[in-house]
Every structure is written in structure tokens, then in C-alpha cells.
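All chains are identified by letter, namely A, B, C and D, in their written order; residue positions are counted from 1 within each chain.
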Amino acid sequence: MSADHRICDPLDVATIKADFPILARQVHGRRLVYLDSAASSQKPRQVLDAMQDFSVTSYANVHRGVYSIAVEADEGFEAARDAVARFIGAPSSRSVVFTKNVTEAINLVAHSWGRSNLGAGDSILLTEMEHHANIVPWLMLAEEKGFEIRYLPVADDHTLDLTDLDRLIDGVKLVSVTAMSNVLGTLNPIERLAAAAHAAGALILVDAAQWVPHLPTDVVAWDADFVGFTGHKLLGPSGIGVLWAREELLEAMPAFLGGGAMIRDVRLDGWTPNEIPWKFEAGTPPITEAVGLHAAIDYLTGLGMEAVRKHEVALTGYALRTLNERFGDDITIHGPSEPAQRGGVLSLAFRDVHPHDLSQILDQHGVCVRAGHHCAKPLMRRLGVGATARASLYVYNDESDVDALADALEATSTFFG
Amino acid sequence: MSADHRICDPLDVATIKADFPILARQVHGRRLVYLDSAASSQKPRQVLDAMQDFSVTSYANVHRGVYSIAVEADEGFEAARDAVARFIGAPSSRSVVFTKNVTEAINLVAHSWGRSNLGAGDSILLTEMEHHANIVPWLMLAEEKGFEIRYLPVADDHTLDLTDLDRLIDGVKLVSVTAMSNVLGTLNPIERLAAAAHAAGALILVDAAQWVPHLPTDVVAWDADFVGFTGHKLLGPSGIGVLWAREELLEAMPAFLGGGAMIRDVRLDGWTPNEIPWKFEAGTPPITEAVGLHAAIDYLTGLGMEAVRKHEVALTGYALRTLNERFGDDITIHGPSEPAQRGGVLSLAFRDVHPHDLSQILDQHGVCVRAGHHCAKPLMRRLGVGATARASLYVYNDESDVDALADALEATSTFFG
Amino acid sequence: MAGLEDLYREIILDHYRSPRNRGALEVPPAVRSEGFNPLCGDEITVYLAVADGVVEDVKIEAQGCSISQSSASMLSMAVKGKPVDEVRDISRQFLAMMHTHESSLEGDDEQVAVDEKALGDLAALQGVVKFPPRIKCATLAWYTLGQGLDEAAGAAPT
Amino acid sequence: MAGLEDLYREIILDHYRSPRNRGALEVPPAVRSEGFNPLCGDEITVYLAVADGVVEDVKIEAQGCSISQSSASMLSMAVKGKPVDEVRDISRQFLAMMHTHESSLEGDDEQVAVDEKALGDLAALQGVVKFPPRIKCATLAWYTLGQGLDEAAGAAPT
């Protein structure tokens, strides 16, 4: 029934699917239809192999061991940093800090920059569509320091409501905003917000967890001050995230976690910090994970981030059309209605079936969607729902996956008629 | 020449070596002789396979997704927590927090427990043989809070000098001490220090990074309050560490990093924390790494930690005898002279060859030893050296590796005659 | 993994479609307790009117999935009019049934003998244990009830 | 990877065994700068006596490996008695030679033409670039020298 609007896809998804071993798996006798990449993506053979190869040939602790495999490990680790810098348009690798996830990246900024720059009488600006990772660190710090937290509201079309931007941004020291909502798919106008922040004398932190995996990223074009993202959402391994920040900021910020590698000297009565970026990398970093992230970046670069974006716009359009045509008023898809203004994250309300029940029934058909508040409870309250069922698309998804989702949705009527 | 003192080894090292693919590699035409496990250990096939299998069958984000592979991922992740609890004798898995490394584990205690319990007029007790990971977090917090840091000195036999323990421990709120020195191999009397700490009304944190991989661990027998260790030193992956703490402490401590999974509810103006241990696990945890750590624990449990310890005592004895017999006054091996009182960490001074040069030349013979201050600069100053060359032993090492080290040491005379 | 018929029994769906004892009670004299499932967003408020050691009335406000809603509805029927001791006993039995398969995080698998007769309709929720992530849906109302009972006990004139 | 003969040239070992210009100068008039290699523990102190735009004397206190020690010793010979401008030029040349292979962390591979004659003995350290972790050993003294020159410039009567 949807054959009439087959999309013109710049990616060869059949070939891509074959790169992802887990997609060959069956669930309840059906092929796995993985539609939960916004929570975490799957890894291609190329990433798994890179990590395995590294582990069986060049693994050692990093930080300038003298022997050959330690040199190779160091080179592998620092090459990953270089690859990250290139991937996001960072002017230098010195400004790329490896963390365990984007949550730690944001907490690092809160503890280091925030703790020394925010106090009573100050204020910061977040939005109502932030992930808890970009709310709770600020709530925690505000409890301690007594600054004010303001929120940009979400408009009824599920974009940011910028009507009151001038008033809300006036006097704030930081704007911290997601580049793409993990619930609505909304793409936020980062360049405009950065300009407004700078005009107001504020810095801007961009939570790019959902952006970097799906669209070309250029931190300089954004004119951002801090940008964080996470490896496991861009075909990479768990256990690694990235904080990029302008060099001058990193230079000026106090260290966060203390320990090995982040020091220049330690005495019983004091210590001095190492250079950036190592000043912010206490202890043994996620070494093999950095190598995996590098391979993931290479994989995506091989596909081309422009092509990845085009694929997702087309497939999101196909999904919106298919679901709306097949289910009409029985389905509500949150977020902007134009595919070009959003990412491939489809938060659904379907008849009166609760998202948990929806996800449970879809699973019987091999279809993986996440049900819950997606770590965005304030946004859920704004939407007036307790939870949504979220289907999210990535490079390994195609129309057949969307069709499988639609077919499985029909099947909910067995129990919830 | 050392054939006369072959050891009786409870481990079948030839079989174990075959489990570690990297040991089949050559360096400069020689077999790889890996003697840097104190920095990071290598991974057996079993660990690599477990991670790979998980990635290609059951990978998804954790935290109670409803669909099948998310359920499997959750089970894999939480089973790792259970395995950690059993491995260290923890009464419950609820008290096992996954971190990115032991450095983060100690920083977590400093930020959460320390920030709310230590102030001006307070004091804590460390030792002169701590790794920077157990010094710098306290120096950083002391700068902010103004408490006093005392140090237990290192005696001339390279054990802790407990002569003044009663005086030094009097009035402190925390004793934080390494179970085994990563430079000297010294095993510290944790049970005695825990008793003294508790008698003084203090808590005790044990940095067990070097202990857990090498000796049977029982946090209850220690009567410890906090115990940290790190996955990459016990045959597991990088990117994961563990903080264990008594449940009541974790319950009472404020959260550290804020974000997803560590919350019960989030509103625009406040939040409430989740139950332990998740309260301390903000963001996506090292999921596949937890599965790898579980496999590493299973591997070591299969060998038997008693057998691992016996193997290391015997091999350390062999190494001490071999090196002392072959090099006499030309070599100094730091640390206690009795193998039973130490781990298999041999920090060497050899003739007047600087440790860097030593490590460089040994590499030409395939022998990997680490040169430097080993993140223990205060201890280096106490020893009166700038650096040492450190050879460290693990389950995959045997006499042939020690002999290779000794042969390579001879070869330094080509350049440093 | 088990089939969905084990989860979505007819009686469960019936309680979901027509939840019993919906609403609120005046506080005080009633006590009010709130529960959250931190992972999925389910929320529940239990109102208890306890007098002379008896749960005289119970009302429930809730949003959540079929399992959490039906469990709350069944709870309200199972406890209304019962002595507090008996309510605690039913609760213990129900939670024991739910935890048979739960992650060993909860500690040792203490075996509480489950008396299916005492549980009545609630026994229908037994199928939930085969779907581990849903166990928290089924137990949410019960933990919230427990808090309410504790509070009522604290507030009671001695 | 290169053979060790590339690293341990005779002239390097000679400077290591008999380091030139060891010791300290009185501060002030001399300036004192300290460098650390955060990873291996090498430490160096450079004393510079600068007058009328000329490095009139230099002394070095250091602990470290053959590479860091010989580099410091050669440095002392190369700069003693030279005008500050010329010293800065030698330093630039030397660092350029060392960074040819260094991690791109240092930014773009700006190609400074290296004049081996100007470097003299120092050219022997070229082999170090084949051993990346040792580059920091060779450059430590030079970065420390740079700090000292800056300080001397700041302290100089204008």
C-alpha cells in the first residue's frame, strides 16, 4: 500500500544492513527490526573488528609508555581524538576531551566551569525539551550555588518558542540546549541561539548527543562554546563520550576529576595540572572504546554525513506518510510535521494503547521501540503524557522497517481492540 | 642457569598463554613478553568473545527497555553487577556502582561523601605510597574545604611505617589507603587499618586497584567502608571501574553526577534521586564493558584466586632470586624482599641506566616494562628517584618471561656499558 | 520468552479498561502516598482511610500501562475493608510472587509461600514475572500502598 | 620501528655521561625556569644570565634519561654566549625538527626548514623523532629555556 511512495535513498541500506551482525538475529521468530537508535545504536562489523584487532595486537595503557605496543596504543588513542576533531570541525584536537558519556561531559562543564562562574544572582537558560542529562546537573549545582534556571518553552508545533527569547536570555551566563530533541526530533536553531547568547554575554553549551550521529556537525559554524556527544549513539561502543570546548575555555577552567594523567606534578601538599586536553582526563581512559569510536566515525564518514541526513529525511518522510495514511486519527506523532525540520525520532501515541503495552506487543513482531519518558520528564509534562513509544531511525533502517512497524501496530488490536 | 630453582606453579601457564591472542604477536622479531600488567592487563579470548557475542546478539541500552534484546542487555548488565558482588564478597549487588575507572570511584567518594562530611578543622589520613588517584581528589577537595591531609610514612623496608599510627589516626574522619602499592608491590594491613580507623571513629576507603586482580578479596573480612577497583587491570576491558560501599553509606550520600537513570523524578524546579546503586550511575553506563568484566571475573574465578596468588608468590620469588643472582649489586629491586609480603610488581634500578633507556632497550627484545613515576610522584620523592622501570607479573607470565627480562637487561650494556 | 497471552489475561485487561476505586479521598483524615517508576514514568497516588486498624476506604489516581493500572485496581479491591494486618500479608504475598524471578539485586531468593487463593484476581498477574521489565509496573502500586500504611500507622492516635 | 643506533648516537651518550654546564646561577641576576615531563617524571631547571640581549651564561640542573640529559647539555653549549634572537631561532629550528613526526595534536604540520649546520651537535637528536614517546624527553629542556627567555625579557630593564 505504500509502494507508491518508495523513497529515493542516497544510502545503499541493503549493503549497510549486512554490515550489522545483530540485524541477522531473530526475535520471536521474526527478523530484528531495530528502531531504538536514539537510545543506543548498533555496531557494524567494522567497529567490532577495529576494537578486536586493537585488543589482540596493540593493547596497552596509554600515556607515553616507551615500548612498542604502548606506542601503538597511544597512537591509536590519539588518532581517535584527531578523528573526532575532524568529524565535528574542531580547529584542534587539544580541545577534544574524552569522557565516559555525554552526561559526564555536561557534568564536567557544570562542576568545572559552572562551579567557578555561577553564584547567587546569576542565571542560566535551558529549554523545556532537554534530556535529564542537561537539567539535573544544573539543578544540583543551583541547589548549592543559588543561581536561577530559566527555560525556553516548547511551542505547540513542538519547536522552541523563541517569542520571549530576548527577555529570557537577558543577563544569563550560559545557554545550554539540545541540538535535537531525543523525543520530538526537533532540530533547534543553534546558530541563532549562539548569536543571541554571545550578544547577551553568555556562553552556549550544545548537547549534540542526537545531532552528531545524524547530521554534519561544525562546531565553528555553530559558534558554540561547549559541545558534548556520546559514542554509543553513533555506531560506536558504550563507555565513551566527548566534550569539545573552545581551547581558551578549557585552559581557564579548573580540573574536574583528579588522578593520574591529569597532573604535571604532585607533592604531598599540592599539585599542578597537565596541559589540555589531558587535564580533564583523570585515570585510564576508555582506550579500546576510543579506537571503536574512531572506526565508527570512519564508517559514517565513508557513508557521508550529508547522505546520512538525506536518507533520514527521506525515510522520516516515508514513515510520517505511511503511519498517517494507515492509521489516521488513531495515531499521533509528536514533533514537527516537516521531515526537513526534524530528525528521525518518532514519538507515538497510538489509540489508547499505553506505550509500554505497545512496545511489548511490537516486540512479539521483532520490532524494537522504546517506551517511557526518554529521560525528559519535564517535556512529557509539557506534552501532557506520561510516556511515549519512540521509534527512531538510523542508517541501517529502510522502508521495510517502517512497514514492519506499521504492521505490528495493527496487531495491537488483538489485546487492545 | 636458573633451571635449579624452577617453581612449582599451581597455574598451567602454557594453556593460559594460549588464551591471550596478543601474546602470539612478535615485536622486533621477538615474542612479546608482556610485563606491564600493573598498568593494564591483556584480555583473554574468553573476554573478547563475550563482548563480541553480546554486541552481535543482545546489545541495547539498559534501564528496563521492554523489548527482548533490551531485556537481555539489562540482564547481562545486572548479571555483571552480581558477579562483581560475589567476586569481592559484597553482601549485596545494590552496593556495587559501576564507574569508568577506579579514579572516578575515588573522586565519587570525595565529591559525594567528602564534600558533605569534610570541612575546616577536619582531617583525613592517606599514605606516602598512594597512587595520584588517591591523592589528587583529596588535595583538590582540601583546597576548597580547608581540611588537613596527613600521610602515613613509608618505612625503609618499604612497608607502611605504623609507629605513629595512633597519633596520626587520632581525630581523622577518613583513612584512604591502597591495598597494594603499584610501585613497591607492598601489601598493606587493611584489616588492621580498618580496625584502627573505626576505633578512631573514621571510615576507611581501600584503593584495591592492584589487589582485586591478584588476591582473593573479601570486603566484609576487611571491614572496609569503600572499596574501588578497575576493570582493565583484571583481564577486563578499559572504560569500566567499580565502587563498592556499605549500603547505608550509599543510601545516605548525595548523588554525584546528574542525568538519566539516576533520578526518580525530574521537574523544572527540582528532582529526586533513584535507588542505589543507580543513584550513582548517571547516563548510559559502560554496558558491553560490564559484560567483559563479568567474563574476566569468570575467567579468574575459573583459575581460582588462591591459585593466582600462589602462582604470583612463586613467580615473584623466582624473579627476585634470578635477578639478584644474575646482577648482584648492579640491580636494586624496590619493595619488601619477601614474596609472601608483596605482589608481583618489581620496580627496578639497574646500573646507572635510566628507566626510560632501560625500557627502550628492553623493547628491542620484545620485553614490555613501564618506565616513569607510575603516578606516584610523592613515593618517588620518598625513594629518592625520579622514575623506576617496573616489571609486573600476572597469570600469563612464567619463568621464561622472567628469563627474557634478565637476558634483555644484559643487553643494555651495548649502549650503557 | 513467554507468549503475550500470559501477560494480557482477560481479567487484567478488564481491570485496565474499567479501573475500580478511581479517585481521591480527603486528606486528612485519609493519607496520601505517591509512587514513581523512575524508568518508565508511571505515576500513582494511593489514598487510604484507615481507622481502628482497618482500611475503610481506598482510592487511586494513576497513569500508566495496563499492568500498573490493573494491578492498582485489583489492589484497591483486595484491601478495601480489610484489617491492616491482613492487607500487609496480602501485600507480602503479592510481592513474593512478583519477585520470584526478579533480579538477584533484591538479595536472596527468600521463598515466601504464595497462597493463590488469598490473592484472588491478583494471581492473574503471575504471568508478569516472565516479563522482567514489567514487574516494576505490577509492584508500583504495592510499594506505594506500603508507604501509605506506614504513614497511616505513624499518624494513628496511640 | 627504527633501530636503537638511531637513538643512541655516540655523541648523545657522550653528553649524557659528561653533561656540560651543570649547576646553578645566582637568582637574580640570573632567571630560573623549571620544566616537568608530567608522564615520566623528568625534571629540569634552567638558569639563564641574560644581559644586553645576550645569553651570557647558562647552567642546568636536571634528572632524566639519556635523551633529556643530552639534549639539555647540548642546549647549554648551543646557546651560551649567543644573542637572544639567535637563541630563539635555534630553539625554533630544533623544535621544528622534533615535531616533524609528532602527533598532530600540536596542530598543522607547519614546515620550518631545518638548517642542520646551525644545529650542530643537536642534529644528532634527529633520530629521536622515530621514537615518538621520547620526543618529549628531547624537547623538555627547550620549552623550559623558552620560559626562561620570556622571563628574562620581562625582567629586563627597558
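FYI, a residue touches a chain if its C-beta (ideal position, glycine included) is under 8 Å from a C-beta of that chain, and two chains touch if they have at least 3 such contacts.
Bear in mind that the values here come from a model prediction, so they are computed numbers and not experimental data.
Enquirer: Report the chain whose CA-based centre is farthest from the CA-based centre of chain B.
Expert: Farthest chain from chain B, going by C-alpha centroids: C.
Enquirer: Between chain A and chain D, what distance separates the C-alpha centroids? Give it in angstrom.
Expert: 45
Enquirer: Taking the mean of the C-alpha atoms as each chain's centre, how many Å separate chain A from chain B?
Expert: 32
Enquirer: Could you tell me the distance, in whole angstrom, between the mean C-alpha positions of chain C and chain D?
Expert: 74
Enquirer: What positions in chain A touch 2 or more of the other chains?
Expert: 28, 65-66, 68, 70, 261, 263, 265, 356, 360, 371-372, 377
Enquirer: Do you know which chain C residues sit against two or more other chains?
Expert: 1, 39-40, 131, 134
Enquirer: How are the chains arranged in terms of who touches whom: line, ring, star, complete or other?
Expert: Per interface graph, the chains form some other shape.
Enquirer: On the basis of the stated criterion, which chains touch which? Give every pair.
Expert: A-B, A-C, A-D, B-C, B-D
Enquirer: Would you mind writing out the residues of chain B in touch with chain A in their complex?
Expert: Spelled out, the residues of chain B in touch with chain A are 21-22, 25, 27-28, 32, 34, 36, 39-40, 42-43, 48, 52, 55-57, 59-61, 64-70, 100-104, 106-107, 110-111, 128, 131-133, 135-140, 149, 151, 230, 232, 237-241, 255, 257-263, 265-271, 282-289, 356, 359-360, 362-363, 367-371, 375, 377-378, 381.
Enquirer: If you look only at chain B, which of its residues touch chain C in the complex?
Expert: Listed in rising order, the residues are 63-66, 68, 70-71, 74-75, 78, 81-82, 92-94, 261, 263-265, 272, 274-275, 278.
Enquirer: Give the list of chain D residues in touch with chain A in this complex.
Expert: 1, 36, 38-40, 103-105, 107, 131-134, 136
Enquirer: For a test of understanding, state which residues of chain B touch chain D in their complex under the given definition.
Expert: Its residues touching chain D are 28, 354-357, 360-361, 364, 371-373, 377, 380, 386-387, 414-416.
Enquirer: How about chain D: which of its residues touch chain B in the complex?
Expert: Its residues touching chain B are 1, 4, 7-8, 13, 39-43, 63-67, 69, 131, 134, 137.
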